[in-house]
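Look for chain A in each of the two complexes below; its partner is chain B in the first and chain C in the second.
Right, the complex of A and B next:
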């Protein structure tokens, strides 16, 4: 690390940046405290939103100045990261950054930059957003640090593997693949052993790149923090079981950022404790995320990032609360598989089992369970052109939900980050018809 | 004469297998464990679509942004096209094939048992060990479904038969210039590896290579073809009429299956080693460097100055690599043309024009 780089990092991030972001948080909290509602039909805003903004801004601010100060790994959202955290890596999640671009309406321009370079419009819009960012050097978060290491785990899709091969070729840095056999049914012992061995190999590469050895005690500590944050995140989502629900899936899509990109950190645990406390307080007071909750729905698949707000308000206007989603649930449901005292074995177990690495029947069973637990009246299935592993199977799932399970379900065609694949009029018409059937 | 070689059709191969009392395995792409299926008395018959048919039955289960290979395959199954199969095998090759396998197992539940098999994306020792274990599991599931239990000698014999056929495929692709067949006829011969018994294919390839060419063919523009499968096959005739010939094959259905022969006493280890020994393949997530190097070698060996990338719409494994491959090839002065096709569609006229124009630029 150069002393100049370290000095710049500490001045910009640890001192000035930290102070400026804290001030901004206080201002935001002050503003939120004076707001009676988050929107015309929404309940009061979550007070912890200011804290969330501070956490995310600090994460990207760190990334802006981290080059040469800490090693940087770009990782897929489902990749094991606890060993990287324990080794002091700064972690960049291109998928999360893609979501930020989507929310801030940068998705289309980044996708276009990738398409201009020859990448097909039929590729995942997160990947295109990332390629567009890499090629243009432009991002709403200022600047992304180039990676020293790429870590790709295909437990969410195979797409990430090709995507990261493109990045490896572009950046000329090592790519570690953690290959997780898809679980059509149950995990077999040889599958677990395969993933476990790859985690050992991944640790070796990470140590070599970092130039230091992994301290077992530090790994256990990171794993404990991950475990605690995931447990808290699950409880946060479960507050949505109350009537009225104090939080909706729209809120969760925003508040899930730390569990994806900052798990294993003390600040994430502290933040989720505060969010849970706020939601429990809301529940005690009977305060809902909507002003008048009449119907409750479950969401399946990634959000439509560039339409979060309008969709949220449109549903709220009809008294429809999205009380849960299979997507956000994926970051909490595996908590019982984590054993911080066996960190590496535990990582193999956990990272083999995300919902996206399991069969279409498992997802249907998960939705059926969540429908009951959250007393939902139906399901909105986002048929996401950019995410085949999540979307393939939805046509059969919809039929089963509506038929055997008696839960009306709507397939909503869109794309999580490319607004060109979304027809507002068509979506609104379909949604309106569905909600009429539902009696909303 | 080579152009008189009769290449049995899929239908004929299936009929012959059924008449001999053998069973059939309907196998989806890309790297099926042929030796294991043969050892269980099944003839693996690959399902690449089939092309040129409506995928409407499959469209009731799979969104239109799923690749046409998978939608057409599911339609074919739902129409009863795979009814003769004793098992349906869906190796895990990409997100679309993953979805197909899962939907078949969980929702469609066809009469023949559906089996899956995960192909590791790396080629490390631990990948080979994993695949050997995966094949042992598949062996057990085949035994449970069929009541067959091939012993080690039978498994090894099947491995060696397939390796001879793999070698014959390699020789056929290498000896392309000696085989006096037109482009489309040559690829019908090559692609009979998808459904003929290994020993029949090896014999057929041997006959094609041994027979003298009918007449010296005029000099043609050499090309490398890359992609999954040369469909619609009429494209090859267009290419021939334009004065080009395929001298380098980087197709998932043929060139990327030039597996290396293996040695050793343990059949599953040999199957695994062989299946992971093929050229760099997008469906197994090979590095861009490895794929580029391979294409450069193919182009150099064949004196080709052009590569045609034949991609299926929505085929992510192929599409991701294209910009960097094209850029790398351009640095060597090798031009590239990308053609996107849908298996259900007939040969589109604009595609023909683009292919003809591309060949012209290479002369």
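Right, the complex of A and C next:
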């Protein structure tokens, strides 16, 4: 660590940055406390939003100055990271950063920068957003720290394999690939052993890059914190089972950031505890996320980041609450598989089981279960042009949801980060027709 | 006859207006090509309807792509709901309604009480919509209204392999250049259009009886070919183009 870098880091992040962000949080909380509603048809804003903003800003502020102070790993959203956390790495999630770009309407320009360099428009818009960021050096969060290590796990899709090879070539840093066999049915012991072996190898590379060895106690500690945060996150989502739902999937899309990129940290656990308490209090007082909830829907697939607000408003105006989503649920549903006392085996098991690494039948079963648990009247299936693994099978799922499960389902064509694949007029028209069918 | 409710369907190609009696029968109708100034045109047509006996107080429901631009409408509903309502009122039966409009096509599953059970839309591609016939008719210099009869009368057809309206146009050019008779091309074009629509119907599963509405339903060849492809007759709604406006007017009758 260069002493100058360390000095700059402590001055900008630990001292000034922290103080400024805390002040900003207090200001936000003050503002939120005076707001009656989060939108014309929405309920009161979540008070913990100020805290969330502080966490996310601190994460990116740290990233801005972290180079040379801590090792940096860029990881895919489904990659095993507990060992990296325990080794003190700063973790960068290009997908989460992509979502930030999407929300801030930077998605298209980042995609264009990648397309200008020859990347196909058919490539996932997260990959294009990342390439655009790397190539242009521009991002709404200031600056991304270049990686010392890349960790890629194909438990979400195969795109990431090629995406991370491009990054490895660009940054000339080691790339660890963790190959998770696709689960058509149940995981077999040899699959678990196969993944466990790769995690062991990944630990070795991470230790070498960090120049230190992994302390078992610290790993267990991180695993325990991960476990706790995931459990809290699941409980948070489950408050949506109440009528009226105190939280919608639109809120979850925002509040999920820490569970993805800040798992295994004390502050994440503390934050989710506060959020859960706030939602439980809302439930006790009968306060809903909408002013008047009449219908309840389930969401499937990634959010449409650049249309979150308008979509949430237009559904709220019709009294429709998105009470749950398979996407946010994916970050909580595996809690039972974690055993902090067996960190490495747990990791192998957990990272084999994301919804995208399992067959479409499993997704249908998940939706059927969630429909019941959340008493939803129907499903919005976002057919995401970018995310093929999430969207494949949706046509059959739609038919079966509407048929044997008696839950009307709508296919909404869009793309999670590239607004050029979204037609407002047509989406609105389909949505309205669907809501008329539902009687909303 | 006294008008009790009005329905206006502002489509991409034509604007349709229907006035119904308290019993829900069509008592007045207008159809005009949609003008670029949608608001002004809709209000002018509505003024005409409101000058009819009872029209002044008649509640109005708007539908179609331009439905939100009809300022004086009491309510706006999508064409899905309105077409289903109009056609069900005419047929009184559950089944599958295929609505082929000027710029999109929809397949709507109608339940025993006339409710919409499920629907699918093609709103992404001009092939499979009225625009496909319009564009290709333009290229062949034929009036759209005559295309259907010509297709039916043709004794042979050439397959049009392109699934894209724009590329179908260039395919036509090369077919004509090779001396293929126009009627054969026209018949092939109808087959291609029906092909697109058939897959949409199949995606909902076969649920006869089949009904056809929308402007393209005037074309007898489309109905006939669709029936062949689905293996069951396709009934064309009377005044198919008015079904959206009719359904809107029926909805306006409800409190």
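By our rule, the second predicted complex is superposed on the first by the 440 of 440 C-alpha atoms of A that agree within 3 Å, B and C clash if a C-alpha of one lies under 4 Å from a C-alpha of the other, contacts with A are read in each partner's own complex, and residues count from 1 in each chain.
Following the convention adopted for this analysis, contacts are C-beta pairs under 8 Å (C-beta built on N, C-alpha and C of every residue); 3 or more make two chains touch, one makes a residue touch a chain.
Since we're looking at a predicted model, the values are computed, not measured.
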Which of chain B and chain C A:6 touches, first, second, both or neither: neither
Comparing the two partners chain B and chain C, which touches a greater set of residues in chain A: B
Touched partner set for A:430, first chain B, second chain C, both or neither: second
A:19 touches, of chain B and chain C: first, second, both or neither? neither
Contacts of A:169 with chain B and chain C, given as first, second, both or neither: first
Contacts of A:215 with chain B and chain C, given as first, second, both or neither: neither
Partner chain(s) touched by A:395 [first = chain B, second = chain C, both, neither]: both
On chain A, positions contacted by chain B and by chain C: 395
Chain B-touching residues of chain A, taken from the complex the two chains share: 117-120, 122-124, 127, 154, 157-159, 161-163, 165-166, 168-170, 175, 177, 179, 181-182, 184-185, 188, 190-191, 194, 197-198, 201, 359-361, 364, 383, 385, 388-389, 391-396, 400
Residues of chain A touching chain C in the complex: 395, 399, 402, 408, 411, 413, 423, 425-426, 429-430, 432-433, 436-437
In the complex with chain A, residue positions of chain C that touch it: 65, 77-81, 115-121, 123-124, 203-205
List of chain B residues in touch with chain A within their complex: 60-63, 65-66, 92, 94-96, 98-103, 105-108, 116, 118, 120-122, 124, 126-127, 129-130, 133-134, 137, 282, 285-289, 313-314, 316-317, 319-324, 326
